[in-house]
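Just below sit the structures, each encoded as structure tokens.
Shared between the two complexes below is chain A, which has chain B as its partner in the first and chain C in the second.
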Partner chain A sequence: MSLTDDRAALDQWYTLGALQDFPDGAEVHSRLLGEDLTVRRLADGVEVRAAGRALPVRTEYGHLWTSFGTPERNLFELPESREPDRRWIHCGPVRVRASGLRLVENFLDLAHFPYVHTDILGSEAHPEVAKYEVEQRRDVDELWATKCEFYQPKAAAASDEGQISKYMYRVVSPFNVMLYKTPPTAPDRWDVIALFVQPVDEAVSVANAFMLVIDDTSTDAELSAFQQMIFVQDKIVLENQRPSLLPLQPGRETPTRADLSSVLYRRWLKEKQLRFGTEPRTDLPNA
Partner chain B sequence: MPKLYDYVLSGSCYKVRLLLNMLGIAYETQAVDFFPGREHKRPEFLALNPLGQLPVFEDAGLVLRDAQAILCHLASSYDASGQWLPRDVRFGSVMMWLSFAGGELMAISGARMIAMLNYPGDLATLQAKARTALRLLDDHLADRAQAGGLWIVGATPTIADIASFPYVALSHDAGIGHEDYPAINLWQRQVRKLPGFVGMPGVPGYF
Partner chain C sequence: MADWIPIALSRDVPVGITRAVIVDTREVMIWRGEDGVAQVWEDRCPHRGMRLSLGFVRGNALNCLYHGWQYGAGANCLRIPAHPDLTVPPTIRANAFAAAETGGMVWMSDDSAAPPPQLPALTPVISLAIEVAPERVLAELGGSTAEPLIELPFAADTLQIGWHRVHAAKTMLHATGAGADIGAATAHLRALRQNLEQGVAA
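The block that comes next holds the complex of A and B.
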């Protein structure tokens, strides 16, 4: 497979991982959208090259970002990254044999908590997804799901007891998503948990989980282990989901009311005419 | 209280968590940032285990490394029934399969780190070694089933089963499915039914 010709996918910012994983002087091989890349950390910055050309580079939020095309917008805003009391936790890249869009959609889903993250993010006695709101914010081209609530036996590494967690979800680009969630120790603020997906090939992705959290008690190892536990519980489900590419064709998968954010996400991907990581459609003219 | 130096995604730590739970032993854990932090290669951890490997288990002044050795210690110290580490003609066979679990079967662990966490290494070679080990275990379990046996050694589960189960169950993370190993599948179902069984990320309870 070689570089995709999907314009909508090319014109986006993608992470290649945490900056700390690119040591000075070393050349690191990576891959994005079906094309091999080399990354070199230099004294005055980072160089990303593919097929003999240098690609644009950004280094915001502790991560390395690049693009093959010309993104319409700058990288998303993350104001919480400027708050001095937040812990920055890089949970490490995990490779998943699934479309990156499947990863994002799973991240947006509340309904699986009791069954996949049993007795942690949900319990089978409380499976209901309460009504929440979704909106497409056209000024920033982001999707938001707000007023989400869920009963969680162990909402975070620092939890001693169950709580009703409040959530907001924010999709900032097709492969980058984050959630805002009530920290057990600071109910008036929001923890930020981000999933930056590096789409390697159509059905192979690298997931970079990154947290900006309020927590004075847990060690870095505990915070990272909690998030890795959650994500690897999802991994086995994602890798067994069929089709592994996200279907956008009407009727291929049937949403319920709890899937409101997924419905909006798929509509938004269609509006962008994104194809990378989606199942080929047979219902379009000239498809 | 006994203390396990633990990493949530480690199949070797899972061996110890499994037996601790099945024997009903209370213990505390200390999370070690194995990935991405490589805390197990830092001086503080190397002082505990100069090999720089997980798990490490502290119990009444003892500091033990190696999952198989820790299983032996737990069975020897906490299992009054003697079922998990039998001191009779079965002892040698249990030891033989423990060595296999800590040896040949660990090719799955190596392949898993490459496939899942992008560690350097030769994935195809390790996958081939892993398949050879799984074939051997599947043939053994098929022979056992022919003779009416459910477990790797003898008529009851032993630490040979506990040491072998985690990486067999996690092989999908290494890109190896279970479809070619029917006797292993039957045996896995038996292990999952044992009182005190717990899963881990990648070994869900809903199977």
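The block that comes next holds the complex of A and C.
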């Protein structure tokens, strides 16, 4: 497989991982959208090259970002990254044999908590997904799901007891998503947990979780281990979905009201005419 | 390929168990609820494509691991936990194949109109995966790809071996016998497998 010709996928920013994982001077081999890359950390910055050409580079939010194309927008805003009392926790990279779009969709999903993260993020006794709101914010080209609530036996590393967690979800690009969630220790603020997906090939992804949390009791290792445990549970599901590419063709899967954010996400991907990581469609002319 | 395909030994699908099987490149799954009836379905939840073989059986229902969607023996979805008060529309159903059990094996068919074969109850010996094309396996064992069963004389017994194609270069055998010495028959079949696989490698 070689570099995709999918314009919508090429013209995006992608993470290649946490900056801390690119040691000074070392050449690191990576892969994005079906093409091999080399990353070199130099005294005056980071160089990313593919097929003999230098790619644009950004270093933001503790991560390295690049693009093969010409992104319409700058990298997304993350104002919480400027708040001094937040802990920055990286978790990953975790390699997953599935489309990155499946990873994002799973990240947006509340209904799996009782079954995949049993007695942690959800419990079988409280499986109901209450109605929430979704919107496409066209000025920033982001998707938001708000007023999400879910009963969680152990919402975070610092939780001692169950709580009704409030969530907001924000999709900033097809492969980058974050959630805002009430911390157990600071109910008036929002923890931020981001999932930055590096789409390696159509059905191979690398997941980078990044947390900006309010928690003065847990250690870094505890915070990271909690997220790692959650993600390993998700990986089992993600590698066993069929097809491993995200289907956009109507009727291939069966959404319900709890899947409102997924419905909006798929519609948005179609609007962007994104193909990388999606199942080939047979219902379109000249497909 | 025959109308009815043997895809597992009944013994290997006890009550409360799910089992994934690949039949001619298709991912299918078998499960058996408390009523004892083996069900053969496409290995895919219609909701988000999750493989149902990773799900769990409770009573006479199969539950998807991902969101707990519950399916009854008729393959219709009975319950969507995220919406406890919802009456699930009858259009939401898993994709079920026709299933039957005879001769100590679970059989599936794409065409439920054709009656399943009627075989005497036999003793299960072993299911074996062989990394060799079915055409070659059947030629070696004296069977025919037009027939779902191979009759293989062994000692004083005749083994009845169901087979199915996993893909072009892999075959599954499901061996049963009338009064076979199971240990000896198993060893015999394993030796046949070794010969076949070495023959392919050579």
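As a working rule, the second predicted complex is superposed on the first by the 287 of 287 C-alpha atoms of A that agree within 3 Å, B and C clash if a C-alpha of one lies under 4 Å from a C-alpha of the other, contacts with A are read in each partner's own complex, and residues count from 1 in each chain.
Note that in this section a contact is a pair of C-beta atoms (placed from the backbone, for glycine too) under 8 Å apart; a residue touches a chain by one contact, two chains touch by 3 or more.
The shown structure was predicted, so the numbers you read here are calculated from the model rather than taken from an experiment.
After superposition on chain A, the partners chain B and chain C are seen to fit next to each other with no clash.
In the superposed model, A:Val129 makes contact with chain C only, not with chain B.
By the touch criterion stated above, A:Ile236 is placed in contact with chain B and with chain C alike. Of the two partner chains placed around the shared chain by superposition, chain C is the only one that A:Thr254 touches, whereas chain B remains out of contact.
In the superposition on chain A, A:Ala221 makes contact with chain B only, not with chain C.
In the overlay built on the shared chain, the residue A:Pro93 is in contact with chain B alone; chain C does not reach it. Using the contact criterion defined above for the overlaid structures, shared-chain residue A:Val116 touches chain B and also reaches chain C.
Chain B and chain C, viewed from the C-alpha centre of chain A in the overlaid structures, lie at an angle of 50 degrees when rounded to the nearest 10. Legend: residue contacts after superposition of the two complexes on their common chain; A:Gly277 is shown touching neither chain B nor chain C. Of the two partner chains, neither chain B nor chain C is touched by A:Pro183. Here's the short version: in the overlay, chain B gets within 5 Å of chain C at its closest Cα pair. Chain A residues in contact with chain B (one complex) as well as with chain C (other complex) are 115-116, 236.
Here chain B touches chain A in the complex through residues 7-9, 31-33, 35-37, 39, 115-118, 172-173, 175, 201-202, 204-206, going by the rule given at the top. Taken together, the chain A residues at the contact with chain B in this complex read 18, 21, 90-95, 97, 115-116, 118, 206, 219-222, 224-226, 228-233, 235-236, 239. Residues 27, 43-44, 46-51, 54, 64-68, 80-84, 86, 92 of chain C touch chain A in their complex. Against chain C, in their complex, chain A makes its touches with residues 105, 110-112, 114-116, 124, 127-129, 236-237, 240-243, 247, 252-258.
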